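So that you can tell them apart, the chains are marked A, B and C in the order they are listed, and the count of residues begins at 1 in each.
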Amino acid sequence: MSLLELDDLVVRYGAVEALKGVSLTVEEGEIVTLLGANGAGKTTTLRTISGLLRPSRGAITFDGQPLKNIPAHEVAAMGLRHVPEGRRVFPQMSIVENLEMGAYRDRKHLKVDMERVFGLFPRLAERQKQDGGTLSGGEQQMLAIGRALMGRPRVLLLDEPSMGLAPLVVQTIFQIIGEINADGVTVLLVEQNAAQALRRASRGYVLETGTIAMQGEASALLQDDRIRQVYLGESTGDEAQAG
Amino acid sequence: MRLSVLETKRLAACLGLGLLLAVITGPSGSQDHPSSGIRGSLLDVRVVDFLLFGLVVWALAFGLRRARQTEAVSGPTAQLRQTVRTALDRRGARPTSYLAMLLVAILVPLALAPAAQLSLFLDIGIYALLALGLNVVVGYAGLLDLGYIAFYAIGAYVTAYFTSASALPIHAPFLLNPFFVFPVAVAVAALAGIILGGPTLRLRGDYLAIVTLGFGEIVQILARNSDGVTNGSRGAFGVPGLSMHLGPLEYVFPRTKALPYYYLLLTILVLVMIAFSQLERSRVGRALAAIREDEVAAEASGVPTLRYKLVAFAIGASTSGFAGVLFATKQFFNPETFSLQASILVLTIVIFGGMGSLFGVVLGAVVLQGLAYVLRDPIPFIGFQVADADRFIYFGAVIIIMMVFRPQGLVPSRRRSREIKLSEQGLGHADAITGASEVKP
Amino acid sequence: MAFADQFWQLTVTGLVIGSVYAVIALGYTLVYGVLQLINFAHSEVFMFGAFGGVFATRALLPSGNISATESIGLVLLGLGIGALCGGLAAFALERTAYRPLRRRGAPRLAYLISAIGASLFASNLAGKEFGRDSVNIPKDLFDYNTQVFSVFGARVSKQDLVVFVVALALLLLLDRLVSGTRLGQGIRSVAQDSDTASLMGVNVERIIVMTFVLGGLLAGAGGFLYAMKFNASFTMGFIPGVKAFTAAVLGGIGNVRGAVLGGIVLGLVENYGQFFLGAQNLDVVAFLVLVLILLVRPSGLLGERLGRAA
């Protein structure tokens, strides 16, 4: 049984179908990446899994338990943590307070976990009292990931962690995602930076206008001509959509 | 049969509603015996009736939900609804029904007692006119104006100032026939609206609500405290009635009779309804609809949102001022006439009838104010009645119930109901409260 | 009399009444923080608190002379029961007039209207149940008019002192709660970003209810304080309600310390202002302040810092 399973998921905004029957699986310990252009439905998929959106059809199963109609705060408590697009750190809370928010439901391991996060991201340790809103993009991303880790997640849903960051910072972030995964956290990674994501992931899915257009081993997808053209920007003259 | 947790909660809510209703309709308390009203309402056999009522409401709702689940879309009630809708949509059906209702509005008053005729003019007619004006602000522009009655007050005091040498301590250097005061009052009220709305409409929409609330209160306080201008709390006496001198035609509206005023008002109502339905279809109306649905997008595509909101606000204010003139020529008034509750009453009518729906708003005035009039006396057999002072408990309840269960109102405007539905699915706003300037950090 | 002669007395009155505005303003600012909505029915929550406290002290007042301990106990009891009534009213309000709309995702206009309806309903129901005349706390509760001390010749009565000290204590208590407790952190997180808060495991619905109740407890206690200084009546909520809202906007809506500052400043300004405009225009001053602040600096003195304790 897979750790996380989506089966024929349909999500509507009014009359518009944002997801038209998405199925995917994530096995325990994997990094799976979900690729696609803007508006393909990647963020919608993550928001539906974490309970922020209600699907109008289909099923989500996490560790054998159905997630449909479970509110977001319960999903978070079950060990599934979503690091949202745009990082969304609490702008008027300090780094420490932001991390405390990650452990809102259970503060038993607060001290230990915070030390661990500071170990992963020494930059955060130096700025403990600084407000989230005053941090740089990279620091905010680190804080957002660290905050999610404070909940001791089994699955981490990451929504475009590399967005708007300098190449060097992107490297660091992906490296840390690898470390987190090596510690046993399963990762579902939504990315537009397909090359980086596929290099880290074991498998990948490609979303196009609300449906899964392609799926397979990450190494195979990296070699696929269409992927190379459209998502890796190795254009043969056509306009690349990876931006 | 075992009830789910949700159904048990619903049952409890319905029974609670029954108890609340028992308290509302029960005997009153007093400051020395603050719990006597509640005790008299609940520790009495009558409470059984209300609990039963709660039970029936729950059972009906339960049955309805069941039926809806099994019947889906094609069931008999859905079919019936569809039939009614197509019948109403048939070409000619609406004009015919409007004509029939106009006929009723013309003929029925002739058979009423003088007191009822007066109420028809004062409570229904004037309030229908007020509601039509507020509908432009709330229904078309999606703004909340809680000081609406202040413009009505302005209209009334302007009338007293220009038509009578004795109604107020001060008067205009020249006196006018009340008919000529209409444009003056409309202009003054519109100007007041622009002065008030100009700066505040720039802000978040809910600030407009509180500023207008304060404005309404200030106008009342000033009217009360300015003895030398408004005659203070004694009010304005002796504003002359309406009179017409059109060449050979002379007619004086007798202040003692309500019907002539009523028929004049009815004519005005019809004209205003025609004008506002044109307004809705005009450039202004379409711009307002765009602002309601998505203010940021409207602004971005070049709609001068502030100007259109201001236009709507001023139209509302001038309608209120217009109604004030009509009222002043018939009825004595003092600052207490223009209370906050009067503003909220107009709002209740608009909400109940259906925001954005001209016909709904007028029907709202007829039903709500008509009921309030009828319920002043006990209903035969049941003995239920509503004291004048208690009316507002019911009006408040009507507002909440409408907002919870039927936000589109009794006779919804089609465009508004669609907007409300879409906004509930997360598309657009259906109001102008979330201003373009407001984006969460 | 010249303004200078009156200055200190006006200051004392302004501080006392301003501290009560601050206590009520917190309810507006807290709810605004989590919902971005003006809770128009907050004034009625305040009214129920005032009635609750006043009726409790009237019912429990022993006959004959009462001792100092009894007197203090009764005032505290009145405060407690006032707060409780306010909290209950706020809870009921949230359940009936707000939650069903939130479930549906109604447009914001609908919330404002529904709150207006609730306000109309509640105040008139109170008028029916508790009578339409004003009620005072019992005369024998304590000798409120006795002067305790004077500053620069301005007399400070026992009543002034009690109201001010209690209000100040409530304000400090709330400030601690918002900045230093888990509930406070939950409230701030919802105010800053409710979606993300729910991703952290925060039950946003519960936080919203708790915020209403917290604001209600304060408004209820504030209602009793207000009734101690003036009286309680079914229409009493409106004017202090608008003023407390003004105070919240003045300080920067959503900003807890701003609401406190706004309350005090408004209390002082309206008392200085009434010296020039006449006592009957006291309420006009507050309104002018509101309009002025909205025109000149709509984000308030300390700025709108949603969910920020400081």
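Going forward, a residue touches a chain if its C-beta (ideal position, glycine included) is under 8 Å from a C-beta of that chain, and two chains touch if they have at least 3 such contacts.
Remember, predicted model here, so these are calculated numbers, not experimental data.
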| item | value |
| --- | --- |
| Chain separated most widely from subunit B, comparing mean CA positions | A |
| A-C against B-C, pair bridged by the larger set of C-beta contacts | B-C |
| Subunit A-subunit B separation of Cα centroids, rounded to whole Å | 50 |
| Centre-of-Cα separation between subunit C and subunit A, whole angstrom | 44 |
| Length of the line joining the C-alpha centres of subunit B and subunit C, rounded to whole Å | 30 |
| Where subunit C touches two or more other chains, by residue | 193, 306 |
| Residue numbers of subunit A (touch at least two other chains) | 91 |
| Touching two or more other chains - residue numbers and ranges from subunit B | 425-426, 441 |
| Complex contacts: residues of subunit C adjacent to subunit A | 182, 185-186, 188-189, 192-193, 195-204, 305-308 |
| Contacting residues of subunit A [partner subunit C, same complex] | 50-52, 71-73, 76-77, 81-82, 84, 88, 90-93, 97, 100-102, 104-105, 107, 147, 151 |
| Residues on subunit A engaged by subunit B in the complex (per definition of touch) | 12-14, 91, 133 |
| Sites on subunit B touched by subunit C in the complex | 23-24, 28-32, 34, 37-38, 138, 142, 144, 146, 199-200, 203-207, 209-211, 213-215, 217-218, 221-222, 225, 340-341, 344, 347-348, 351, 389-390, 392-393, 395-400, 403-404, 407, 420, 423-426, 429-434, 440-441 |
| Subunit B-facing residues of subunit C, complex | 36-38, 40, 51, 55, 96-97, 100-101, 104-110, 112-114, 116-125, 127-133, 135, 193, 238-239, 242, 245, 249, 278, 280-281, 283-284, 287, 290-291, 294-295, 298, 306 |
